[in-house]
Amino acid sequence: MSDLPALLVVLPILGALVSLLAGIRLDRSGWYVAAATLSVQVAGAVAFAADGLSGAPGSYAVGDFTIPYGIELLVDGLSATMVVLVAVVALGVLAYARHAGPRSNRFYSTYLLLVTGLTGMSVTGDAFNMYVFLEITGLTAYALVASGEGGRSAVAGLKYLLVGTFGASLYLLGVGYAYIATGTLNMADLSAELAAVGYASPLVRASFAFVVVGLFVKVAMFPLHTWQPEAYAGSPDSVSALIASLVSTVSAYALVRIVLTVFTPEFLEAVPFARPLLAATAAISIVVGSGLAVAQTEIKRMLAYSSVSQFGLVVAALSVTNATALVGLAIHLVGHAVMKGGLFLAAGLVATGVGGRSVSDYDGLGSRMPAAAAAFGVLTLGMVGVPPAIGFFGKWYIVVGTLEAGAWGLAVVILLSTLLTLAYFARLLERMFFREAPAGAETGPADAAVADGGEGHDVGSGSSADSGVSLGMVAAVLAAALLAVGLGAAVPAYESALAPTVEVLLS
Amino acid sequence: MSSSSTADGDDEFSLGNGPDRPYVESPIIMATVRIVAPFVFTLGAFVMFHGADSAGGGFQGGVIVGTAILMIAIAFGVGPTRDWLSASMLTALVVLGLALFMGIGLAAVASGGAFLEYTAIPVAHSSKYGIELVEVGIGIIVSVTVVGLFFALAAGHSNEDDEEVEQ
Amino acid sequence: MTPVEWAVLAFVLGSALATALLRDVLASIIAFAAYSLGIAVVWLLLRAPDVGLTEAAVGAGVTTVLFLLTIAKTVRPASDDLFVDVDLTAAGVSALLVAALATTLSALPPVGSSSTPVATSRVTNYYLENAYTETEVENAVTAVLAAYRGFDTLGEAVVVFAALIGLLVVLDRGVLA
Amino acid sequence: MIDVLVDRAYFVVAFLLLGIGAHMVIGDRNLVKKVIGLNVFQSGIFLFLIASAYVTGASAPLLSEPGPYVSPLPHVLILTAIVVGVSLTAVALGLIVRIYGEYGTLRADLVSEVSDGE
Amino acid sequence: MTDITSLRPLAAVLVSAVAIAPILLSGSRPNVRESWTAVAALAKFGIVVSMVPGVLAGDTYVTDLGSFLPGARFALEADALGVLFALLASFLWIVTSSYSIGYMRGLDEHGQTRYFAAFAASVSAAVGVAFASNLLVIFVFYELLTVATYPLVAHDETDEARSAARKYLAYTFGGGVAVLAGTALVYWLTGTVAFTPGGIEGLASADPMFARLAFALLASGFGVKAALMPLHSWLPDAMVAPTPVSALLHAVAVVKSGVFGIARVVLDVFGPETVGNLGMGLPLAAVAAFTLVVASVIALRQDNLKRRLAFSTVSQLSYIVLGLAVLAPTSLVGGLLHIPAHGFMKITLFFAAGALHVETHTDDISDMAGIGRRMPLTMAAFAVAAAGMAGIPLVAGFVSKYFLLIGSISAGQTLFAVALLVSGVLNIGYFWPVVYTAFFESPEETDEKPLISGPLGGRLSWGRAAVADPAADDHAGADAVADGGGDAYGHEGGHDHAAGWERRKWTGGESTWFMIAPILVTALGSIVLGIVPDGAVFLRIVRLIVAGATGVHV
């Protein structure tokens, strides 16, 4: 069991290989391989979390080489959270993807490799190893975005690739600076060595700046978010849900890990530009992201800009660097992943059911697709932060954390973000439930679980042949909505389980 | 390996502006490649296997082996080369390469060690041989990938099978 | 710094500039191949033969072939101009980047010094002292690559694999065909 | 001042390569040249790291040869990074081939114009 | 004072929430659907009533659902103040349910299933607000109340309804943000957010600047739903909702949840003493006094009856807030007692307005000349409640206003006493014309209004009735089509009541008993509260609350 950190990274690779091999003989077998792999992955992740969320943080040395000479994997509350999140969301989206497609075996191979990349980013305790997994994540995400039909997904994929690689390269440059200053790459070791070099060193400061800006690109903070709207809107629904809920989330986790474990809160204290860089970017992203979301007419683009805004909250929590805000950050990462993934799936469900991808297509959805509309509504309110949905809990901790830190401006922005979020979601609620469907609109299935073979004239969908609404698709969306509401009950237990990790991160 | 005529446009490969300058069989190039390719191939294998003690390794060796196959493909046409190296074989090879790498890592786990702890494997000089095998695994992955990337790019997007896209 | 080093560096810079400025894509690709060869020589000068070999095989070899293949599959836009028009925004951003980097220059250790943190770090020395006894491999680069940082290398292999599968996904191609 | 530059000529070149690469990625309108620029940009980072390992008069880290040696770690990192780079390049080129198939152009501005309309 | 662990507070909250599922599922069978509502309403009231004796004996019923957030447990607590509000809301839900059936069927409204489900959810949330044991739990239910009532405001699905609903959401979520910010501040200052009779200890000693900020945020956050000026403007617009919604939610549950929140903040978070020490009572009282006078003046100018009632609500809510803000024990009694008193009276007035709308499609006061003949019982009840509003003795309003006046004067706040009196006069000013018009004027022409009863009474639908029964008086049929066609749900649309009113007997011929009974019950309630305030349970509860918060027995 103690080898779980490495095995959880390796398992999806094996799944990807099996999926590819199976594809030689059986054309549509990839889904089953992926489902089996991810089921085991979820079980393993839960076992891993039992380790990480109980007691003090631990670590695992790959190859049993002495740390810092070998690569260290981290077993703590935060990495456990991410590993479980990745496994569960990937499995959930898979349930959706079975019918929604794309369906080729190579697609599922790539899908599993993305899970490997994300899991690797979550567990690694080595700055360069993080780069490698960052690139696995990136490469597979680019390919998955472009797995849709039509030129739009290819353009989105290429744009994502160019901007994303630029961001990853900046991260590598930052790691290079840290390495040149210290001669080591292990995160914990780097932390001690960087402190020894002194936070006044231009090398250390440049390292921080490049790493943070590089990861800002991956997290999609304004104004480095440019890849995101197209990448989310241009990809197939399953892919946009998976990427929107996981890639930015795990990148944000990487940012937290690097800032806190490598540079430490003392660095933020000592270097005058560090904290304002985080706080200002966060505040701008929250406000401008919401503003841009309001201006969108396409649902998936709107959700993408919403992510820009929501990750502003996460970075804001990071910038104040205290225990309360950090708990809020973790909760918000999980909550946002579940809700945003669910929203993208719901958007896909709607597009499949009634064939609409723009805001005006949601008129009268409440009567056309009651289940999808209800789930969409619940997730929307969760994003706004209406209790008892999980979105409220993260926001509460983050607000209290900013107050404890005396960051008044940030507290105000975060509180106002509720209204900003409302600004772009309320109009959807109104359209779904308080407008008549346009005359002549295709009536969706009365019971959404019945596949009625609605016309799939959606550009992004991978398979357009018979894209009706399937049970798995509805189930995935409803599960996300239920999770969004139900996760709140786990918050107190989670907070105390996370406490040892938080203490170590902040020391 | 035959150098059958390449009348079907799908297999055309040329430097320059696409089908304006279709692939032309060149006896000189073909003869040269016939002689040089085995040497390049051997060089690649050498680099692959000797990474442990001198410069080089699985990655470099793999690229060189891959390049040897590219030479063949350029000389004799992409289509025939692709038929020669069947898709299933390439797939199986690349899977084998990665499986070899992970298998060694997992063998260490099975022997009670950590992942990739070569010395845990109960074989004499397990570290050296383990590393060699890993290098070979990488070499296989890389050479197949180089060839696969080339074929895939040469074939282009599947839509183009139906429609000739040209300016 | 020997004259050879100066010459190679000048060649690298010149070919990089040519790559950037030549409007014709084919010319740019050829300049890039030359650039890669130049960089490979730099790696050799810096006592990194493994990297040099890789760069020669990859940069000048595979990458160039892939680029050529791409323009064979697409288009090589004809133009009368020899050079591209410099985009001012991009030039400004790049200049800012270089300026930011330049501020760290004096803080960087001189190249070739034996007292840099990299050269004196315990990680470097541990590898040089223990690599052979622990891994039975004489090439320290291979030892670090496959053993100490074997997890990185597994990731690297996965990246290669992912590129292959990803390209098939992107091009909507069946299994390697 | 001159000494600083001379001692760090490799770094200076690395920074310039980063600048040239960034300019190509951001400014060039041809998609293929953007990808070439990405390669130049990355090799700037490679040079930055490999140069940091160099020790005048030391030999390559082949332990069969007499020391002193340069540090092997940056070499390992860059080997990995080069592989990552070529992998990314391949996928990028695949995307370009496909985009050309859809839109018949490699001009970034035209492509985004056309694809926005979808 | 003992805490009794009991599931009853939770059951009281959940019973109507649980009913949502069967209501939604039985959407196609209205009678079954409505019986679920009735069962839930009766059960809810029963549960709340069952706690009253214990609460009067000084006990508190507690359901603790475990840890919620740091410094807060997710616990429901039925204390005196909570029971006061819950008792009012759950009792009035019963009558409103009956009234809703008559109203919705009378107008043959669309989306009735959604309506009844949202109604049940709203009442759940309102009782949740009542029983919340700390600021975070009250925030949860406060936000849920917003969400649950949103569909009711937007019910009509007209542009007007949608924009009113949008405004409602923006205002109330804005208020929610302020509440959240205030709650966070309180937590930051004291490490707890639990309601404590007499106030949270740490707040008295906290940095007064932050304590003031927290109070201001909480008061303005709850003040949105309490319609304190200038945060009131959602309320008149929300009158676009069906009348039962206006009656229960915008006269009782929603607006009172805001007032109730302020009461909690004053009594159980800061404590009257700390509020006084912080000097926050006076500004709040000033805002309330301003609101109650200005809203009364605006009400004078409204011709639409529901809008006039809405501004009356704005004004009356500030009576309560004023009572709370003056901080004297007597004024607290007056303020708190005005919660049920205003509830009973205002719901009567809205019921009456709704009955007029259903039966005669009359919304504007200027069209109501002589309508007392057509609807004698309804207008009589209206007159009684209006008298109470104006503070005329023997009706509920008199008692609470009396306490308010005495309290203000005893606290030395003569200015506020004057404001109360002025507003009382204005109350007469805007209610008397309605009563006068209804009973003592008559339209010049006498033409009968059509009336076709559905199986359960009321009118099926203007348009449909006319089409379905062409044999009806031709003139009336045409009139009906003209009326119903363009303005089936409109509440603003003026009517050409050239027609006079048919005289109906007071024995119930004027409307369906589904609607008349609720009107009479609430009117009667207003009188009972006014004649024997000590006999009705509310005053006893109020005294208990004030004694608990201030230690003074009034």
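When the chains are written out, they are named A, B, C, D and E in that same order, and each has its own residue count from 1.
The definition used in the following text is that a contact is a pair of C-beta atoms (placed from the backbone, for glycine too) under 8 Å apart; a residue touches a chain by one contact, two chains touch by 3 or more.
All figures in this text were calculated on a predicted structure; none of them were measured in a lab.
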item: Contact-graph separation of chain C and chain D, given in steps at minimum; value: 1
item: Shortest walk length in steps over touching chains, chain D through to chain E; value: 2
item: Greatest separation from chain E - chain, by CA centre; value: B
item: Leading chain pair when contacts are tallied as C-beta pairs; value: C-D
item: Chain whose Cα mean lies nearest the overall Cα mean; value: A
item: Centre-to-centre distance between chain C and chain A (centres being mean Cα positions), rounded to whole Å; value: 30
item: Interchain centroid distance [CA atoms averaged], chain B/chain D, Å; value: 23
item: Distance from the mean Cα position of chain E to that of chain C, given in whole angstrom; value: 72
item: Between chain B and chain C, centroid-to-centroid distance (C-alpha), Å; value: 21
item: Multi-partner residues of chain D (at least 2 other chains); value: 18, 22, 35, 52, 60, 62, 64, 71, 73-74, 77, 79-80, 83-84, 87-88, 90-91, 93-98, 100-102, 104
item: Multi-chain contact residues (two or more partners), chain E; value: none
item: Multi-partner residues of chain C (at least 2 other chains); value: 49-50, 54, 58, 62, 66, 69-70, 73, 75, 101, 106, 108-109, 116, 118-119, 121, 123-124, 127, 134, 138-139, 141, 143, 145, 147, 149-156, 158-164, 166-168, 170-172, 175
item: Chain-chain contacts as defined at top; value: A-B, A-C, A-D, A-E, B-C, B-D, C-D
item: Of all residues in chain A, those that touch chain D in their complex; value: 128, 131-132, 135, 138-139, 142-143, 146, 150-152, 154-159, 161-162, 165-166, 169, 172-173, 176, 179-180, 183, 185, 234, 459
item: Chain C residues touching chain A - in the complex, by the definition given at the top; value: 100-101, 103-104, 106-109, 116-124, 126-127, 134, 147-152, 154-156, 158-159, 161-163, 165-170, 172, 175
item: Contact set on chain D toward chain C in their complex; value: 4-13, 15-24, 26-28, 30, 32-33, 35-37, 39-40, 43, 46-47, 50-56, 58-64, 67-80, 82-84, 86-91, 93-98, 100, 104-107
item: In the complex with chain D, residue positions of chain C that touch it; value: 1, 5-6, 9, 12-13, 16-17, 19-20, 25, 28-29, 32, 35-36, 39, 42-43, 46-51, 54-55, 58-59, 62-63, 66-67, 69-71, 73-75, 77, 84, 86-87, 89-91, 93-95, 97-98, 101-102, 105-106, 108-114, 116, 118-119, 121, 123-124, 127-128, 131-132, 138-141, 143-145, 149, 152-153, 155-156, 159-160, 162-164, 166-167, 170-171
item: Interface residues, chain D side, partner chain A - complex; value: 18, 22, 25, 31, 34-35, 38, 41-42, 45, 48-49, 52, 71, 73-74, 77, 80-81, 84, 87-88, 91-92, 95-96, 98-99, 101-103, 111-112, 114-115, 118
